Each structure stands twice: as structure tokens, then as C-alpha cells.
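Look for subunit A in each of the two complexes below; its partner is subunit B in the first and subunit C in the second.
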Partner chain A sequence: MLIRDYIRASSLEEASERYAAGGYILFAGGTDLMVKARGKKWYQDKTFLDISGLQELKEIREEENFLCVGAAVTLTELEENREVRERLPLLYEAVRSVGSTQIRNRATLAGNLANACPASDCIPALVTLGAQVEVYGGKGKRVIPAEQIFRECRACLRHSGMHVRTCYYSDPTEKKLILEPGEMICGIRIPFPKPGTGHWFYKLTQNRTIGMAVMNLSMTVEPDERGKARRIRLSAGGIFPRPVCLETVRGKNAGKSLREACLEQAVNAIEQEKDLLADYPYKRRVFPELIEEGLEALLPDGEEDS
Partner chain B sequence: MEQAGDRMPDRKIIPDGKFQTVGKSVPRVDAFEKVTGRAKYADDLSMPHMLHAVCVHSKVPYASVKVNAEKARSMPGVVLVLTEKDFPKPQSMLDFWYCTDHPKFCGDVVAVVAAETRTQAENAAAEVKVLSEKLSGVYTVQEALAPDSPVIRDKGVGLYNGMPDPSGKGNVFLESYHPLRKGNVADGFARSDVILERTYATGFVEHAYIEPESVLTYYDDVNQLLTIRSCSQQGHMPREFVADALRLPMNRIRAVQCTVGGSFGGKFEMTGLMCARAALVTQKTGRPCKITYTREDSILESAKRHPFYTTIRIGADQNGKILAYQARQLENCGAYNNQAPWMNIRAMVHSAGPYEIENVWTDTFGVFTNTLSPCAFRGYSSPQVIFGNEMIMDELAGELGISVLDLKRKNLLRKGSRTATGQELIHETILADMMESVAAETDYERKEREYRNQTGRWRKGISLVTSYRGSALGGEGVDSSGAMFTALPDGSFILNAALMEVGQGLRTVYAQIVSEASGIALDDIMVEAVDTHHIPDSGLTVASRGTAQGGQSVKMAGEKMKEMLLESAAELLHAKPEELILENSICCVAKEPERRITMAEICTYRKYAGLPLATYQWYIPRPLVNDEKTGQGEAFTTYAYGVTVAEVLVNTGTGEVKIERVTAAHDVGKAINPGLIKGQIYGGIMMGIGFGLWEEVRVPGGKTEDTNLDAYHIATARDVPDIRIRIFESRDPEGTYGAKCIAEAATEMTGTAVALAVQHAIGKTVRRLPLTMERIVCALDGDAEENIAGGLPPLPDVR
Partner chain C sequence: MMKEIEFTLNGTRTRTETQPGERLLDLLRERLGLTGTKEGCGIGSCGACTVILDGKAVNACLVPAQAVDGRELVTIEGIMQNESLHPIQDALIRHHAIQCGFCTPGLVMSAKALLDENPDPSRGEIQRAIAGNLCRCTGYEQVIEAIQDAAKGGKTQC
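Right after this comes the complex of A and B.
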């Protein structure tokens, strides 16, 4: 691995100024970058700009109904955070399923999002929860809904296995996010779900490895005032060219039950990608099964109505 | 890992009291170094002025190449770039090439770049221009056997009536052909009420040892010997490769073993080639040279398990007695192959499974392809052979409408049975008893019935697999061994043996054996690393032979030492040797224990009396006679038996498999070190699960992308199920202290057991490994009627 240089930023302003000047790759945990860089010359003209030591990005704090997670917060820090465990269990499970303990000790939530891998475990959870991304740049801060920050990346889905080692993108923030030049992610705001919201996270892998998901599924079921399932939100990794959230609301499904409508919507969504998924009959075949398993867990029998 | 459920006591035939150290789980002699990280592996070694070399692989599976190294040679730090013409003998004595302009698989090396630093060597290697003129190759066994396919090896022959035919050209590897003929199969089939014919397939499997290959060569400072330190699992073979490649006398080359980070059969040929490449750099520059492979290089070039296509036709009467068995075991041999001629002896001998069948006809042979290079891999054909056999037994039981246990009860080998090679089993044969015991303990029959009509997403499955395994090399090769045991004046001892510690625990077991035989305390014995200039070659560290056969000369050396020590002790104590006992390094008169003498006193006495302080012993096993044309004869001196039960949960939506429990029972003869045996079995089971469910290096068109452990999935600690181990002992006179084998037996059944348990869970037959999620979903959807036999020649007509 060759890099031009490595710099530890001393403040967010400094990091932003440098980053805007060009020639830098943002480096937080490095768990994707270091693997991608091995044996390649991608970064020999780039400087790694390490933001992992910036105290202003290390915070986890509650703000109104949001949990705000700084860009340098590691997955282990989230995993050990009581608010995350108790009030964002979907995110907690997604975070816990990433890599290994050693990887989570370094990897950050923001980095996982910025790397924009379609098989990421955290992105579907963030999208399902309606998280917002705080972006810092020359014009100050702006907030982008997580679901809208990604560009479509069809090449990624042609990348069998989606291994970090063989990733096509040296700097995904350029090609796979909608950020302006010089803009950097400084935090993620995650709204706490309504009380009583059910969640389901499932990572599908051949064996219990530290590797990427073949597919994963994040799902929440939000109850109405009477505790009855009202709204299902779901997002899946490893199968769509861009993270999407599929939402189904009770009573708006032309006579179909919530369960049927949810499944139908998901099947339609992958039908639209059938050319892209032509080489993945398994994924197409199994995606509805994953959803059904989640629905079985979240919707008790007999609680369906249209 | 072994938890509650240890209800069934281990079977002890030989009373424990008879032995001092044999039979005890003494800690590994190398445990401390390994757990503390102090053990040094080949890549941990470094020398002044050492060069680093990088091998440039063809990447094109079959081509004629022109290597242009001009730019690479001009790069900073580059000392030399070697191509085929620089090698005095570019092709090795074992078929593989040290360096070639005519690559036949993508892992062939076309250039070797040596530079001052590793990075400089890597940068220069990237600038070696390889102009490839692609040739038309064959990338599957089916392509290789197609009528007009290119012939990729001059020595390849054709097929006639489904059997190798030396009179025609083709891609069949004649030397690997081993026929087995017993009785009259045509007659057996004619009398059968049920006849099934099925084909089963397995894939390329990577050894995935934790330490990728590394070698270091240099001239030593005393004799200018060209010295090799490497990860080789064979102590003596690196010397042969270097002597061969450089055309040097063998006594000018010395190999000293390193701590080896796993091998499983794989660190032999390719490691030898690497030694020769580094040695040529050292010879040309006078400087030490190290080559360490990345995981990608390792997976690309290193050996694999042979993929098998096994077509079996089996006939039985309505009561379930098997009357005829015909099979063709057809394996993908890659472009070069040194092992199939030997491996296929084992595959042939065991081709009909652990069953007594009167009429057997099998043909076992390999086919050349431009894929990867299969060599030896833990089991040496048995995981593949067991897969075909046990799966068709299950289908046969289904067809007959009887339980597979009843089918086995009618056919399993027992004492006095004749095996497929016509060998009478004269030693204790406890397979049927083991099966009943394990079936009862696991409640197999009840669970198997209960799981038949499941609904729901997650379904349970249970399977029972039986096997037998010829212990050590037997008729496969030369099973002799030598050992030297040296006493020092202070009463400490050194054992030199020629088989290798590769992680399996051989140094510990040898210390136990020589301690038992000599009466010297374990702590007073040092087991030396293998050094070609200290101990003669004793053949290969393979075939699970280290303890049972390699241990024989160690035992003899211990016994001889005891005799020498007692002789001197008798003189010093004024007693007769037979009046003395020597145990735990204490020698005394049996009836007057206060009349005693220390080892230091005896050894010092011998030193000044001018008596020998060392003994070198050589063990020659009894000869085995086999007929090559029919495979009939005494194939192995004795056999080890095994039973495995796997219990799984299968997600019928996604095809995921969770292994809940594996129960493994092994007849090990005598357990020299039960703790090490259990260690072998735990690891063997996990390796076997990988073979059964996940592990395959895919090679479409002769190329592979599965070159690291992100794409190639081996079992992890989190995959470990509840493992229950049953060690059975049996009275057996053949091996050292009655030991049989375990290293390969530990893994050979598991892949089949988990696949069969999945088959039972989903109620659909499966015929290909690894049984991935994708294949399970296909099977559930009924797509399993995939024609595995398609493109393969029909079985020979035996009428």
C-alpha cells in the first residue's frame, strides 16, 4: 500500500479546509480503506486525512427526539451505549453484526455510511429508521435524509460477493454519494422510533463469518394508538443498486392485508431490478423469504386486516 | 466444548495402569512458545543482506508466454529477474515447473523477481510484461473427456468402454488409474431386486492453513551449505527439490524445519518449488533470499483437494443385502499431478465403503485440466469417496423402504469380513458396535423418524455416517521410519526423528512414546526439529502415519536406550539387568528401591567407559502384497473405524444451515494422547463442515476470484456446534502401542454427515458438495434434478 501522506486533523475547520483543497481521502476507522488499499496504487497521490481524533466528532448525544452520533464514533462505542441498546435496538443489532470485535473497535457508523457499500449492515438500518446525515462544507452545515444521500450504483451489484478487498471504488464519497466537493459527513441523527415499534434485523451469510452479508434486512413495524400494526418500513442490503426504504401503511392497500401489501411491494421492487439481478437468481428467490420471516416475527397471527 | 452428555464412558481395552505416559493427555511440548507468540515461523526469520523475491504467476490458464523483464530489471532495488531459461532444470522431478514459458494453469510461475526489499520486488513484479499467446485448453472434466478436446499433456491417454485406454490420446492420467475387481458384478446385479445408479460431485477445496507459504534460503557460515528454512510439512523434501532444480549433490544442501502454521497435506510440492526458486536466487547472488506468499498467491498456486465425480451403481436384494457394487471415481487432476497415482490406491481400496460386498468393480482415475493443482489434502480422497458411498446408501435404504441403520447392519464390515480388496479383517473390528452405541446415545432412530414430516421454516435433520480407513501408508507407499535417541552425560536426552511436527502434536507424542519405551521422564527428553543433516529421511509426513508407523522406530530407539542404560546400571548397582526397573528417570533394584542410581550417573559412567550414548533404529513394516490389475490383496495392515452423527437446522426459505451438534466416534486403536486426539477431532470436524457446506474454489474458465478468505469461507469459531467426541480403543497389534490413526479420520466423515442431515431435513436428495445455501434452495425448488452425470462417459459395461 502506498499513500502520499497521512495527517491527523486537529479541528473540524482544519479538516474541512484541507479536504476542500483536494488530494485528501477522509480516514476515520480505516477498516474499508486499509483493506481496499492493500496491493493497489490507488492512494499513492492521496493523503489520508484522519478525523478519528476530533473530539467534536466523538460525541453521542440526545437532541430532541434524535440520537446524534458524531462521525468519529466507533461501532463499539455505539454497541456499548445504553440509549442505542434500549431505544434503537434495530441499529444496535445492525451495528453488532458488522465484521468482528476488532473491526468494530475501529470502524465508525459514518464511515460505514460514507463507504456506501450496497451490502453494508448499518445503511439499511439507518434508512429504515429515517436517519439524517449532517454534512459539513464550505457553506456550513446541511442535513440530508440518509435515504437521499446515495447515488445509484449498478456496478456494485455486478460485483460478486461485494468484498471490500475487491471493491471498485477508491473514494466512494465521490461517486456514490451526492455530496458537493469538499463536503464531509460530520454526524448522523437518528430519530427514536415511536414506543412499541417492533424491529427485525437479519444478516444472511453462508456461515457465521466476519464478512459481508449476502443480503440483509432491516424492518420496523409501527403500531397505532391501539397497539395494532400500522406502518411497516423496510430496507435491504445486497440487492438494490441504491438503498431504498419501502413503506407500507395499513388501510391503503386496495383490500390487501398489511402483510400481503408489504410483500407485494418488495417483490415489485426487485422485479424492477431483474436485469441487474439476472445473475443472482438466489437473491431474487430468497428476498421475499427474508421479508416473510421478518413479518412472521413482527406480526402476530390474526392481527392482519386490510 | 464437550459438555453434558458425556454419559457414555470411553471404552478402555488396555488397562491404564500398564503405561507411564502413553494414554495420558500430557501438554504439548511446544504449547508455551505457540500461545505466547514466541514460536518463529519461516516468515519471522530474517538475515543480513537478505533479498526478497516475488513470483509472477501466469494468470492465463493455458498459454505460450514471452516474458519481458527489461523494465522490471531497471527498477530501484531489483537485483535479478529469473525466467525459465535461467533455471538449470525448469521442470521439477514431481511434474510441476519451477518456472515456465508454457503455463498450463493460472498459478504457474513465469518469472521470479528478487530485490532489496519486499516492496521493491512487488513493484518490479507488477512491471514484468507477460505476453501470452492463449492456447485452447480444457477447464472441466467433461471438456477434457469430450471427443475433440485439446490434449493438454503428452502423457494423456483416451478412454475405451469408460476405462483408460493407453492406445489412444486424450486427457486421462494413466498412471493414476487403479482398477478394483472382486467377484462377478454382472451376476450380482442380475440377482439384485433393486439397482440404483447415481453420480455425486465435489469441488476444489483449499487447505487454508493459517500460515501462507514462506521459504528462506542462504549459505551457512561453516560449510557453505545451501540451507533452507521453510514452512514445508516435509522435513526432507525441500532438499530434494533444491538438488533437483540446481543439479547439486544432496549433501551440499541442508533443510532445517521451522515451526509450521498448519499444512494438512498442502505444504509439500508447491513449497518445494518455492524453495528451489529462492535457492536459485541465493546461488546466483550469494545472498539470503526469502519468498513469502500473500494469501492470494497461496490460494492461486497451492494444492487443493481433488474434485471427484463419483458414479455408483449399487444392487441389493429386497432384504437389503448388497449384492453388487460398481463405481467410477473420476477426479479433476489439474494440469500437473504428483499425488493421484498414490491417492487413487487409497481411493480404490475404500471405493466400496465400509461394507462387505461380494462383487465389486471400480475404476479410479484422474483427468488433466487447465484448472488448479490438486495434491494431498487431509483425507487423501476419503472425504470425497465417503460422500458418494454414504449418500447412495441413504438413497438405497429409501428405495428399499428400510432404515439406513438396518441397511448398514446387514452390510457393515465385521471381524472376519473380507474387504473390497479381498483382505480378511483379522483384527478386532468394532464398527458395528460403535454404530449401535452412537445411534443409541444420539437417539438417532427416534429423531430420524420424528423429523420426516416437518413443516415450518426451520427444519431439523439428523444423519449417521460410517467409515473405515486404512491406517498409515500401507500399500500406498513406504512406511518405514528411523529415529535416533541420544543420552547426554547429565542424564538429559535428545530424540531425533524424521517426521514433522506440523501442528498435529507429533513432537509431544514422540516424547511420550520414547519416554514410555525407555523409562526416561518426559521432562528429560528434548525432541529435536527435523534437520536433513542430523537424521536420515523417513519418508513423508502424510497419511496419518506419524504416530502409528513413524512412532515405531521412536519406540525401538527408546527400548534400545533402556537396554543400554540398564546394562550399565546393573554394573554400577551390582545387580542383574532383569532385577532393575527404570521408570520416570529413576533406576533401582525392584525389590530394594533404596538401591538406586540417577540417569546422570549412568550416562557419565558410559561416557568415560567409552560406551555408546546414542542409538539409531530403523523400523521396517511387514510387507503387503497387492495385485495391481485387480486391486486384490492386503491393502493396509489394519483399519480404523469411525461413526459420525450430525444434527442440523435448515432454513427452508434461505437455505441457511446451522449445525447444532456433531457426535464423532473414532476407533483409534490406542489413544497415545487423548487430549491431542480430541484437538484433532475438533479441528477435523470444523474442516469437514466447511467441505460439506461452504468451501469451494470456483474456477470458471481456468481462472478464480476466490483467492482470499473473504470470498472463500472457512468455518469460524462462531460456527462451532456442540461437539461430542467418543474415543474408542481396540486391541490392535499393528501400530505403535496399538495406535491406529486420527488426523484424517477426524475430518473425512463430517462433510457428508452435514450434507446428509440437510438432505433429511429438507426431504430432497442432494448430490453435490459444497451444499451451499443456493444449492439447498435449488433442491427445495426441485431443481436438484440437475444432471450431474451429464457429459460424463457411461459406466463400463460389465456384462
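Right after this comes the complex of A and C.
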């Protein structure tokens, strides 16, 4: 591994100052960075700035209707958290599907988002749930909706298969997020879904080992006051160069049923990526199937009316 | 920069020099001569390098050596109990769960991290705990049985 230096940050301010000054790369669990640092010379002039020990970033706390997850919270800590398990089951399943126990013991949710891999398992869940990203920089804190924090990243979707090591950017935060220089993520705020909201997570992999998804799907179905499906939200990994949330609302679909409208929108969206996706014919066929399976499970019978 | 770090290694306070570019795996194998921890892939996929850091199984190939400063580390060399094999090691032998043995130290450490936290795991919990440990020779059935046996006190003769 070729790096200039490694240091542990002693406070969020210190980390932020150093990071803004340049020459540093933020290091949380290192599960993406260590893989890249092994094979590439990208970091020989960079210092890894380890923020994983900062107590102020280790908190999981409830605030109004949000669960606030600090940037140094690991996936294992989320998996073991009762609020996550009981009140954010979509996120719980997404987190549990990441890598192995060893990986989840180190990897952070913020690092997963910052790494902005189009095949990430956590990003589609966060986008579907309407999560917000808390960003810290010289000018203080600001909050950005997760769906709006990403830039397009087309490079890796042109290759079949998805591997962490195929990411083409030494500092994905710079290239794939809209952050200002020196800004870092300090936490992620996830709203608890309305009571009665159904969720669906599916991860399709080449084999059943611990690798990245070929495609994944996160979906929620929110009921109205009478318990009838009102709104479907979904987001998928491995298909789109920038995470998107596709939303379908009952009664706004020109006479089509909620189910039909949802599928039509998804098919239109993937057809836009025809020239980009390496495995387009396969993914074009399978994507609607994944959604149908989720709808089958989440929409009660008799939900066909518009 | 060369830096001196101090941490608890298999129960003993240990001081050593390290380079920033060293991984925990390099520190153990090259500098400290503890070659029980293996390097299979170097990218977090095989689990041959699994060690226990502050009670959690981690891939030593994905941890910078300097990150263990002040922390507690257990490797395969540190789990013997009074000169005898750890019950997990013993169970792996009795269940014929070892062929070439390259994956074994990592599997033992994953299993130990599991049993330390959860002494009575279900089969599913065992499978999840070792999902990050690849074995190319033996397969996983015998390993799972061995871990179940070790959890029950390790009495089954096979």
C-alpha cells in the first residue's frame, strides 16, 4: 500500500481544517480505500485522515421523526440497533446485505454513500426513504437530500460485473458528489416511514458470495388513511449512473393502475440507459421482474384500480 | 512517517515501529513474524486474514497497521488455552473440516468472534458469520457442524 501518511483526526474541526487544506483523503472504515490503495499509486502523495474514532460522529440518535446516524457509525452498529431493525426495516435489510461480517464491522454508512458506487446496496435504500445528508465545512453545517447529492458516474456501468476495485476515482467524493472542496459528511438523517408502510429489498448477485450486486431494488409502498396503497417509491442499484427515486402516486396515472404506472415508469427509465449499460438486454428484462415480485408481496389484492 | 505504536497483542502490551503504508497484515506477518494470519486476496474477499480487533472480526488486509495503536488485537496465535487447542480448533479437526488449511486460521477467528458474542448461535447465524471466509477445498458443511459442536462444548466424536 502506497500512501504518504496516516493520521487519526482528534476532532471534527481539526479533520475539517486539514481536509480543506488539501493533501488528505477522508478515511472511515477503509473498506473501499484500502482496496484501491493496494492496487493503485493514487495515494502516494495523500495522507489518510482517519475519522472513525471521532466520538461526535459515532452517535445514532433519534431527532423528531428522524434517525440521525453519525459518519463514523459502522454497518454492524446499525444492524445491531433496535430502532433500525424495527422502524427502518428497509435500511436494515440493505445494510445486512453488504459484504461480510468482517466488512460490516469496519464499513460505515456515510462511507458507502460517499463512495457513490452505482451498485451500492445502501444508497437506493437511503434514497427511497428520503434520507438527508448532513455536510460539514468551513461555513458550518448544511443538509442536502440524498437524492440530490450525487453526480453522474457512467464509467463503471459500461463494464459487466461490478467490483469495488473497478471504481475509477481516487477520491469519489470529489467526482461523484456535489460537495464543495473541504466539505465532509458528518451524518445521515433518515425519516421513519409512515406507520403501515411496506418495504421490499432484493439483491441480485452473480453467485451467493459476498460481492457487489448485479442489480438491487429498494421499494416502499405507503398506504392512505384507509390502508390502501397510495404511493410507491423505488430506487435501484446497478442500473442508473446517478441514484434516482421513481415515485408513483395513486390517481395521477391517466387511468392506469398504480402497478401498471409504476412498471411503465421503471421500464422507461431503464430504456434511457440502453447505450450505457454493459448488460443492457439482461437488465432490461430482469428489472421489471424484480419490481413485479416486490409489488406482488406489497400490494394487497384488489389494488388494480387507478 | 515511521511511527511507534503500542497495542495489546494476544494479551501482551506490544510496542513496535510501523510505516504508514503497512497494513495490519504486513505488520503481523513481516514485522512481528506472526504468519498464522494468511493473505489470500488482499482485497477483503477471502477472509484468510481475519483477526479480532476490539472484539470484532476484521480483515487484516483492510486495516492500516497504525490504526491499531492503543487497541486490542487477537490473532490465531493468541487463542490457545493452557497449551491446548481452542475448542473451535479442536472441533474443526474432529469434524474433518480442514484440508489444505489455508482458510482455517481465518475461519477460526470468525467463529471465535461469533461465539464470544453469541454462545448459542443458530445455523443461519453461523453461516452469516463465516460468509466472508472462502474455503476452496473442504466446503462449509463440516465447518458449520464443527462450530455448532464447539458451541455445545465440543463433545461429539466423528
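Here, the second predicted complex is superposed on the first by the 303 of 306 C-alpha atoms of A that agree within 3 Å, B and C clash if a C-alpha of one lies under 4 Å from a C-alpha of the other, contacts with A are read in each partner's own complex, and residues count from 1 in each chain.
Throughout what follows, a contact is a pair of C-beta atoms (placed from the backbone, for glycine too) under 8 Å apart; a residue touches a chain by one contact, two chains touch by 3 or more.
These numbers were taken from a predicted model, which means no experiment stands behind them.
Asker: Can A:210 be said to touch subunit B (first), subunit C (second), both, or neither?
Answerer: both
Asker: A:286 in the overlay: touching subunit B, subunit C, both, or neither? Say first, second, both or neither.
Answerer: Only subunit B; A:286 stays clear of subunit C.
Asker: Of subunit B and subunit C, which one touches more of subunit A's residues?
Answerer: Counting contacted residues of subunit A, the larger count belongs to C.
Asker: Across the two complexes, what residues of subunit A are contacted by subunit B and by subunit C?
Answerer: Subunit A residues touching both partners: 164-165, 209-211.
Asker: With touch defined as at the start, can you tell me which subunit A residues reach subunit C in the complex?
Answerer: 1-6, 8, 27, 30-31, 34-35, 38, 47-48, 50, 52, 76, 99-103, 105-106, 164-165, 209-211
Asker: Which stretch or stretches of subunit C touch subunit A in the complex?
Answerer: 1, 20-23, 42-45, 47, 50, 56-59, 61-64, 66-67, 69, 110, 113-114, 128-129, 131-134
Asker: For the complex, give me every residue of subunit B touching subunit A.
Answerer: 122, 294, 296, 457, 651, 653-656, 690, 693-694, 705, 708, 710-711, 713, 715-716, 718-719, 772-774, 777, 781
Asker: Applying the document's contact rule, which stretches of subunit A touch subunit B when the two form their complex?
Answerer: 39, 160-161, 163-166, 204, 206-212, 214, 282, 285-286, 289-290, 292-293, 296
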